[in-house]
Structure formats: structure tokens, C-alpha cells
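Note that the chains take the letters A, B, C and D in the order they are written out, and that residue 1 is the start of every chain.
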Amino acid sequence: MNRHELVEMLRPGSRHPGARRLRQVGYVVVAAAIVDAAAATMVTGQRFAGLVAVPAAAIWCFFLVEWVLRLGLAPEIAPATTPWAARRAYALSPAGIIDALCALGPLAIVAARSAPVMSALLLFSSLKVLRSIPGVHLIARVFRNERRTLLSVVTLFALVLMISAECEYLLESRAQPAAFGSLPAALWWGVVTLTTTGYGDAIPITFPGRVVAGLVMVCGIAVLALFAGILASGFAAEIRRRDFLAAWDMVARIPFLRDLGAATIAEVARLLRPQEVSAGSVVMRRGQPGDCMFFIVSGRLEVQVEPPVTLGNGDFVGEMALITGEPRTATVTARQDSELLALDLADFRDLAGRHPELANAIEMEAAKRGGSRKLTSGPPK
Amino acid sequence: MNRHELVEMLRPGSRHPGARRLRQVGYVVVAAAIVDAAAATMVTGQRFAGLVAVPAAAIWCFFLVEWVLRLGLAPEIAPATTPWAARRAYALSPAGIIDALCALGPLAIVAARSAPVMSALLLFSSLKVLRSIPGVHLIARVFRNERRTLLSVVTLFALVLMISAECEYLLESRAQPAAFGSLPAALWWGVVTLTTTGYGDAIPITFPGRVVAGLVMVCGIAVLALFAGILASGFAAEIRRRDFLAAWDMVARIPFLRDLGAATIAEVARLLRPQEVSAGSVVMRRGQPGDCMFFIVSGRLEVQVEPPVTLGNGDFVGEMALITGEPRTATVTARQDSELLALDLADFRDLAGRHPELANAIEMEAAKRGGSRKLTSGPPK
Amino acid sequence: MNRHELVEMLRPGSRHPGARRLRQVGYVVVAAAIVDAAAATMVTGQRFAGLVAVPAAAIWCFFLVEWVLRLGLAPEIAPATTPWAARRAYALSPAGIIDALCALGPLAIVAARSAPVMSALLLFSSLKVLRSIPGVHLIARVFRNERRTLLSVVTLFALVLMISAECEYLLESRAQPAAFGSLPAALWWGVVTLTTTGYGDAIPITFPGRVVAGLVMVCGIAVLALFAGILASGFAAEIRRRDFLAAWDMVARIPFLRDLGAATIAEVARLLRPQEVSAGSVVMRRGQPGDCMFFIVSGRLEVQVEPPVTLGNGDFVGEMALITGEPRTATVTARQDSELLALDLADFRDLAGRHPELANAIEMEAAKRGGSRKLTSGPPK
Amino acid sequence: MNRHELVEMLRPGSRHPGARRLRQVGYVVVAAAIVDAAAATMVTGQRFAGLVAVPAAAIWCFFLVEWVLRLGLAPEIAPATTPWAARRAYALSPAGIIDALCALGPLAIVAARSAPVMSALLLFSSLKVLRSIPGVHLIARVFRNERRTLLSVVTLFALVLMISAECEYLLESRAQPAAFGSLPAALWWGVVTLTTTGYGDAIPITFPGRVVAGLVMVCGIAVLALFAGILASGFAAEIRRRDFLAAWDMVARIPFLRDLGAATIAEVARLLRPQEVSAGSVVMRRGQPGDCMFFIVSGRLEVQVEPPVTLGNGDFVGEMALITGEPRTATVTARQDSELLALDLADFRDLAGRHPELANAIEMEAAKRGGSRKLTSGPPK
């Protein structure tokens, strides 16, 4: 493993096989850290050293090595004007700070040996996975886009919470001084009720108190519905946007589509759904009903006929199912990790209605290629 | 009942009357299995044999016969290259494995006679209904389309869960060693609270513990709203897609619409709503306000005037209500199981605005047919 | 009050002032019935007759009179081929059956004098309000449109419920025979947990039992999100449809819009929002920012300038705020119950972009009418 | 601070720096009032005066001064026909009534010195923040638009609640007279269960009672889903509307866009997202990937190159990232509070497809400006 490969493995978003393996090792180590954090709170006495401390030390070594490598190779992973600028940029980024705390935090224990602190530090490393979860950015964008409206809902929630707590304090504090004897105590009841959690440790017993509580519960449902409503409309817009951008970037790499003219490309990109398949997985299976065709953006697919046919960048496959409506006539598997663009049956027909020339081109290409080999649904190279 | 009919009855998605009856029998047997599973956990002693074991044996016989038939007739139900390939395909499909376990599982009891095992095996057969529920595929597709975003929400849920459990463990373990004395115990509190279930068996009592718990409850609402938001936007897209595809397939079978040209067909198919009516049911009732017209894709409707008029494939009915706005002038019932395409009043008007020639054609056809028989809203054959 | 007025008052959906008053009286009587139903379960002994029985008798008299009137006048309220056909149609409609049970049900008490039965019969009359709630039909339509998908969710819910109950029965029945000793008992735990209600009367205590319970809670959130997602997309479509239809019907009554041609009408109808104002209410207030204009479909508005100007069918008002962006220059109130079509600022601009001739017509009309009276935002008759 | 500045600070929605500071002071005072309200319910005895009464007096002085100022300056803050009309308008507006109650309410305590009353009056002032939360109007509009449908859901909720409470009363009152002995008691159980709060203080124990309770819980989920569904579709429409209007108002102030013709402006306004940045904040950072460009509506941005370039009204910045896809080539910060219109990468490509002339104009302008200074992504003045 040379220095270049190591850089490639550590680069975020890398598609290098080593990078994928490293990510998987990372998940395993984080899982081990979580288990060890649980163990630290349960095991005491003599077995603590062997069952908790030794694994923890091993985990921290891993994090320390990772952090040192990322810091040292930062100028190559994410180049900047000077090597030290790149290192400072990494060290001060959110990911870099989490890495640093995971790697250096344990030093704090040397001073104060404490099982709870140890458990907390181990658990903290679970934040490392945030970086490589694909949809986190999407969720973050939706929250950022709708932050004003969400802030209003949170403010309304707080207002309803305080007013209902004050009401219950006024109505119930004499009957139940323990549960409603002060405003903070009533606020605890309020938050438990308004979120419809309902522990049952504080329950109004007077008639007006129960009427107010009933209203608070209904408000709780409304707040939840408001949240859901805002996020639902935000997600619809944001998912459309993400798919459009990903498809647009890919369309530019397919000669067949690239030549369509900007207006049609924008329309086609709105219909294509980007998809990634890993090496060895089955893209379509012989005999299954087919409801989409695929354009190959990068990678390599194999049509399993005799002899097997290999398809590469710019080819398309599966179009027969859309044209004739028959089941897939051959199994197609990915020989490498590949990026595909899926065109759905519904969208193909919709598109064919509005741009008949595109559908004709696909059909002609398919007919020309098909020729002697009617059984396969993919064209030869 | 000959061999061909039997094959037709067992074919999934078959519209044969026998297939429908068989499905209904299947539902009844599964319901009996569920009741018997409950009985197996309640009845003990001498009555066990009569009330539990005998019905269970009958149910298992039914499942065994069904599985043997499906396996034996697999080459005719779903043909493949060789009969044995068809049988292997069925036996290894999810449906085949469930059928096999329902049929063969009971053998395990012969060795270990145990009421709980018996109850579990009986209940397992409820999975058989999944196959014939129409919307399951739709739900599965939505989950598959949005799997990355949903996975992110689940990961966020897990992170919030672990961090809040760790916090409560640090804050509450001294005050309540029983409920918060270890990380797993705190995790149990966390999942009960974050899902807003709130059993009330573990409740924070310290002030900082309650503040953290309040935040966790609000996060629980947000997670639920995230889930709902993602699924809502996914469903909207997927339901549109399903209806478009079903309508497209049907439009091609109606001469009147087939001749419209691809662009208009795509537009019309997006407006038509496929609908199935079973024999004997009422499609429209005299005197009711009418808000849609129907194209008949397959089957046979009867307009109840004197003398009754029968309509078949390619006819349409109910268009007068859309044109004149008057209530239905005759009752129409289905004489066979029929497939219809409904065109809603709102969509008809919208369409008439953009494609006046289509609306004119419908109006002219209606006027021509109506002629001497103004009272009926359906044309004669 | 003559016979014709009585018929008009009883006709469903009537806009007669008497009909409105009758509906309000009906709400009051139903509210009294609900209070009396509560009283019937609380008051015993000597005061029962005075506080419960007498009001109940009065309420039932009202229902009886109403039912007899509706039955007797059915031929005039909803004409049919023969008077008896109209009466039978009413008597067998859902509304008629509810009315009959409210009117005749009490006879059952004569035989069995029982407070609980009395309370149930009184409460039953609350179903009468369903008829006059405007959005009930909309909700019913959404449920009917999405019934297949909703049925699938309910089936999935039932499957998850049964499988999780069986798991908990197997895992917990030894540790807690009281709460998990049989499948029905475990089902009770399951439904309380899967809906995230969480009473806390049955709580798993074994480690595997708690892991399964945690998964069940997360499934509960997912089921709720599925429901919400399906209904959200259904509502979006159905609300659009309802407003389009209502606006279309109204557009046909406004000369200014009627002459636009079918294509433009369909587009305009999609933008107009129908609105009803009752006599005396304020449509717009002087000095407020204006974000919509109104077309008057029926009724009568008064612009409060010196001297006051009255506007009637086909007039429009408030257009200056859309054209100039200035606040309202006069207060406008409704002198009668009126139907309006609101055209929103955002939609007006959107429309003006696509149909400049329409915006020009409105501006010219406004300029022509404005002339000497720049201050008011409404045209003189 | 002269009189004019004071008026500007008090004007709602003012962008004056003093107005912003005053709003922040207002938030701090309200927060102090909430803390003091909590203290009033917890502190008793001698420390009450110092810890509760004195801060309360200070808070009320602030509110009194604010109210007197707002009332006195009302003719200048919101001019009307006469000064007294302006004062009356403010005094009777919802905001004015809240201000008055916050300022004058304490007088009520002079008569009745009571800690609970004091706490309630202090907490009441939290309503003051409603005025300046940006999304409250949006939420209010959604509720107003959907009020009929929401009312139906509330009515359905009430019907289900009453019928289920009656059922449980009939089924459980004998077994559990304490929890289900009257209809009001059963209603309390009903609201706790139907909102899925589930305190656990009243739990059905009979078999039919539990079956009904299970159905009620599922209905609770459905009601919540209905709420969420209605609000989700309402929000989607309303957020689109708000952004369209804000963008439209801003487009008119950008010469480059103003000249496009009404049809294109309406289309562009639907794509632009209004955004406000406060002085000193970073608009884009060198090296970051760029996914939108900005039009400057008002304010002043600084491109941090050597020498720094200042951009003002009508300029645009960040377009290179959209055209070339490269990361930002310079950091841009806001030197004043500025209003921007963001054009997203996805929308830019979509727009470029339909209006190539617009994209060409932006590219030409960028090329012309870029010229000698390829590194910056913003044009010189």
C-alpha cells in the first residue's frame, strides 16, 4: 500500500475499493466502541481491565492513528494554498474536531479514572459515522431551507407549553402540591403531555385541570402535524432538486443524450433517476417484468447470453421491456461498481409523447443492435 | 374441476372466479390459524387436543395440500425452460419458502410437543396474506426508492438515542440506580421516550435529567415528522406513477382514445383513474349527482332503462353528467367483473380546455347516440 | 311560516336564512343531548327525573318532530317519481336511518329503564352533525380514493402486531405470566405499544423482550408516518380538485370571465379560490395591505365611501391593491351572505405573465371605473 | 436618539439597527419575565421581595414605558387620518391589547397580592414575542386556508371521542367504577388514549373493553395522520406562494431581470429564493463547491480579492460556479445587512434550457466582467 493509495482511501467520498473497506472497518470499530461503552457501565471489579479497558485502548489507538494520518496527509487529501493551511482546514472542520476529540479525549481519563467518563468518550465516537451517511446532507438542507418556519413551530410549541403549564399550576397546585406545586414542575408535566409521551407520573385530577390537559394533548397532535407538514413539503422539493442535479451531471457523460439540446436535456434530467450498483449485483433478471431502462454512465455491465456481452459507458440496456412490454430476456449483472441512470416506464411513455424523436432514436438503435440476437435486451459493444 | 382450471385458480393475480374463491378460502383458513394460535396459548389440559390440536391439524393439511399442488403444477403456473427449473424457482421464491414453512413446519412439533411452538407456527401462516394485498408492492417500492434517506433518519434516530441515553446515565444513575444504572437500562428509557411511547417505568427525577428528557421528547416528534415527510413525498410520486401506468395500458384497449396520438394519450393517461368493479355492483345510481364518466376497458355494464342496454369494451357511459351537469339519468350496474377508466369532472373540464377536439368528439358521440333516448346516460351498442 | 318555507328550511345545503337558523338550533339540541347523556351517568336517585329524564324527553320530542316533518315533506324536499319513493329514499338513506333511530330509539327505554341505555341513545344523536360539516365529504373521498393503500397499511399493522405479540409471548410469558401469559394478553401489549400509547400496564423486562419492544415502537412510528404520508398526498390532490370544481361553477356566472374561452377559463378556475362571507362581515379593511382581489358571484357588498357604493353579481373589488401594491383604500363589508372568488396576488401576477390581455382588461376596467374616485378600490355600479 | 430614530426603532418590521437591538432587548426582558414567573411559584418567605418582586417591578416598568411610547408615537409609527385614530387603531389591535395587558395588568396585584396571579401575569408577556417571529403569519395563513377541513377533523375527533367514551362506559363501568363510572370519566380516558398520550391512570380490563380501546388507538393514529396530511398539503402551497411574492417584489428592483418581460419574470420569480444576510456574515467561501448564484437586491457585498471589490444593488455574484461547475474562487462577505435573491444550480440549468437567452446574457456579462480578473467570481462595479 503506497502513499498515493493511502491518500485515495482517506479521501471523503472516494470510490476506491480500499476506501470502501476502510469505511466498513470504521463502522465495525465504532460499533465496538458502542458495545464497550455499554460494558463500561455494567462491568466492575477485576474483570473491568480485561473486558473494558483493553478494548477501549485498542479502539483509541485506531482513532489516534486515523487522526494522525488524516492530519499528516491533509495537504494531499484536500489541497490548499500551503500544506499547513490544508492541515489547519482539516483540524478546524467539524469532522476534524470530532476526529481529534475521539483520538485525544482519552488522555483526560489518565487524570480521572472514571467508568462514566470512559463510557461517554467511547460513545462520542459514534458521531464519526455522520460523515459517511448519504442522506444526512439532504436532511440538513431541508432543515436549513425551512429553518424560519420550523423556528416558528418551536416558538409556538414553547408558548403553548408555558401557558398550559401555568394554567395547570393555577388549577392543580392545591390538589397536588407534589406534581404541580411550582411552575417548573408543571412544565415537566407539560412537555410530557404536549409530546404525547404521557409517563403518567403527573396527572391532573380536577375537572378544569383535565379539560385543559385534553386541549394540550390535542395541541400536541397539531404541533406534531405542523412539523410533519413543513418537513414533507420541504423534502418533496429537495429530493427533486438532488435527483435533477445528479442526473444532469451524468447526462453530460452520455453521448446519446448529450446531443439533445439544452431544453430537452433539462427535461430528460428531471425524469432520470441516478442509481449506483456495486460489482457483482444483478441489475435485471431474466423473466422478470421490466419497468425501466438503464443508461450506463460509468462502470461495466455484463449481459448473460451466450457468449456474454459487455456494455460500457454510454451504452443503454433494458429498453426492449419498455418498447414491447415483454419480460426481461436476459440477466444483466454489474462487473464493476457502476453508475446508471434509470428511465422509468411511466416517464419513458410520457417523454415519448412529448419528444417522439427521442423514443424513435432509442427504438431504431435497439432495432439496429438487436438484429440477429432478438433474445437479449442489451446491445453488443 | 379439471387440471387447467386448477392451474388458473392457483396462478397469482388470476381474475378467474375460482381463483377469487380460493383466495377467500385462504383468508378464512389463515384467520382460523390465528384464532387457533391464540387458543393454543390459553387452553391447557384435556381440552387442548379437541380445541387446539385437531383444528391445527386440519389447517396444516390444507397448507400441505396447497403447497404440494403449487409445487407440482409450478411448470404450468409459471412456465420456465424445464419443469424442474419452474419448481425450483417457486420453491426458492419468498412466497414458496413461506408456503413450505407453513406446510412442513408442523413436523418439528412431532419431536417437541410444545404449545408456544405450535402457536408460533400457526401464527407464521399469517404471512401468506402478504402476497395478495394489492398495496404492499406500492409501499415496498416507496421504501426502496427512499431507502437512503430513510436509512439516514434511522441512523440519526440511533445517534440521538445513544447520546441521550448516555446523558441520562450520567445524570440519573446516582439518583436512580435501578432505572438508569447502566447504559443498556438508559437505552431502554431512551427508546420508550424517543418514540413518545412513555410507559412510565423509568422517569428522570433530577432537574438536568428532566431538561434533557424534554429535549429528547421534542426530538422524538421531529424524527416522526421526518419519517412522515419523506414517506409523504415518496407516496405522492409513486401513486401518480402507478395510476399512469395502469391507465396507459388500458387506454391502448379503447379505440376511441387509441387514435389520439402519443402526446395526447400521455396527457389523457395522466388524468384517467383505473377502477375495477365486481359483477353486480352499482356503477352509478339514477338521480345521484355525477362527477365522472367511465370508459369500459373490459367486462360488461348494463344501463337499467326499458329495455336494458348492455355496454361492452370501448364504450363509455356517464358523459351526460359532465356535459350538462345534471344528475345521472339511469342506474348502471356491472354484469361481469369489469375494468373501467374514470375521467373526473375536474379533469374533463381541464382537458376540454386544452384539447377541445377531444371534448367535441365525446359530445358529438353522445349526441349521436342519445338521439331518441335522452333519458339514459349511456349509449346503445 | 308556510309550507314552502318549511321545505326550504329542511332541504340539505339550503342557503335560506331559516335553514341556517334551524341548523344552529339543531347544534344546540345535540349539544344538550350530549350534556344530558353525561348527566344520565352521574345523577342518580330523586334528582334523576328532573335533571335527566325531562330534558331527554324534550330532546326526543324535537327529534321526533324533525323526523316526522322530514319524512312527510320528503316528496317536496327531494322529489322522486312518486311521493312514496321519495319517502322511502329518505327513510333508507344513512341520514334518514340516523334520524329515525334518534326519534324512535327512546321507545326501547319504555321496556328497559336503564341510565346507561339512555345515555347511549342520547349520545347517538351526535351523529346528526356529520351531515352538515362541510369537510366530511372531502375526508371521505380521500379515504375512498386511497382505500387500497390504506388497507395495505392496516394489514401490515395487523401483521406486525401479531408477530410482535407472538414474540413477546414467547420471550416474556415465563417472567410475567400475568401480563404476557397468553397471546391475547400479548396482543393488548402490542396494540398499546405499536400505537405509541404506552399505558405502562404491561412492560417487557427481559433483555430480548426489550429489544423486540424497541423495534415494535420504531415500527409504530413508521406505520403512523405511512398513514400520514398516504393521506397527505391524497389530500393535496383532492383539495385541488374541490377548489377547481367550485371555482369553475362560479366562473360561469361572472360575465367578465365567462367570455375568456374554455382554455383560459380552465386555467383561471385553477387559480381562483371560492370563499363565502356572511352578511355583515368585513371583506377588506381600509389601510390593510391587500393581497387578493374578489369577484362577486352572488350577494351584495358595500364599499364604505361617501356616499356608500353597492356592488353585486359580476363586479370585482380590491384590484387596485394588486395593480399598485398600495394598502386598501376603503373598507368593504358584505350586506348579504355572498359568494366570492378570490384571486391571490401571487396568482394574479403569474396569470398576468401568461395572459397579459386579462390583466390589461382588469386594469382598463379599473381605470375606467376609478376615474373621479381614486380613493376607493371598488368600482361604482 | 432623536424622535425620528425612536419612531423608526418602534416601527414593526423595521430594518433599522436600533430596531433590531430593541427587539433583542425585548426578547431578553421576556426571558427574564418567564424566569421570574417560575421563581414566583418557588420562592416564598422573606426572599420573595428581593428575588421575585423587585425584578417583576423592573420588567413591568419596561413594558409600561414601551406601551406609553408606542401609544404616544402611534400617529408617526402607523399614520392614520387623525392622531387619535392612529392611537385607537394601535390600542385595539391584538398587539396593542397584549402590550396594554402586560403594562397595566400588574395593577391588579396591588389589590390582591398573590404569587400565582403574579406568575400568570409575568408569563402572559411571552405572547409579545409572537409579533416578531417570521413564520407565525405563514402558519396562521395555512390554518385559515384549511380551516374547514381542519374543523371537520376536529369534529370527527370529537365524535370518535364521545362514541368511544360511551362504549367504554357501558363496557367497563361495572368492573372499574372509579375510572369508568361516568361519561366524563370515560371521556378523560378517551382523550388520553385517542391522542396516544396514554398516562395509564385508566386502563380497560375487560376483553370487549380492550378491543374497543385498541380500535380507539388506531383511530388516534388516523386522526393525527389526517391533521398532518391536511397541513402538509397546505404548507406546500403556502410556502410556494410566499417565496413567489417576495421574489417578485425583489425582481422589480434588479435592472438585469426587470427587462425580461412579464411572462419570463413570473417564471424567474418562481425559481428565485429570497434570502437576507446580516452585516459581516460570509455569503460564499473560497474553495467551497458552489450551488447557487446571488442577485443583490439591496445592501453591499465585498469580494475578498486584492484589492477588494464592492458590489451593490443590481449586481450578481457566484455565477461562475454555475457555468463552469468549479468551486468558489473568492470569499464574499456582506458589508451591510443585504437582501439577496438566490438562483439554485438546478433551477439555473432548468431555466437555461427553457430561456437560453437569459443564460447567455448571464454568461456574456460574466465573461465581459471577468476579463482580466479570472480568479474572482464577482464582477467589479
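Throughout what follows, a contact is a pair of C-beta atoms (placed from the backbone, for glycine too) under 8 Å apart; a residue touches a chain by one contact, two chains touch by 3 or more.
Remember, predicted model here, so these are calculated numbers, not experimental data.
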Check your understanding: Which chain has its C-alpha centre farthest away from the C-alpha centre of chain B?
Key -> D
Practice item. With over half of the numbers shared counting as same, classify the chain A/chain B interface as same or different. Key: different
Check your understanding: Comparing A-D against A-C, which pair counts more contacting C-beta pairs?
Key -> A-D
Point to revise | Gap in Å, rounded to a whole number, between the CA centres of chain C and chain A | key: 40
Point to revise | CA centroid of chain A to CA centroid of chain D, Å | key: 28
**Study point:** Residues of chain C whose C-beta touches two or more other chains
**Key:** 184, 196-200, 224-225, 228-230, 232-233, 236
Study note, to complete from the structure: So, in the complex, the side of chain B touching chain C is made of residues 34, 37-38, 40-42, 116, 119-120, 123, 126-127, 129-130, 133-136, 138-139, 142, 154, 157, 184, 188, 191-192, 195-201, 223-224, 227-228, 230-236, 239, 287, 291, 344-346, 349-350, 352-354, 356
Practice item. Would you tell me which residues of chain A are touching chain D in their complex? Key: 80, 146, 148-153, 155-156, 158-159, 162-163, 166, 169-170, 173, 181-184, 187, 193, 196-200, 203, 207, 210, 213-214, 217-218, 220-222, 224-226, 228-230, 232-233, 236, 241, 244-245, 248, 262-267, 269-270
Check your understanding: In the complex formed with chain A, which residues of chain C make contact?
Key -> 196-200, 225, 228-229, 232
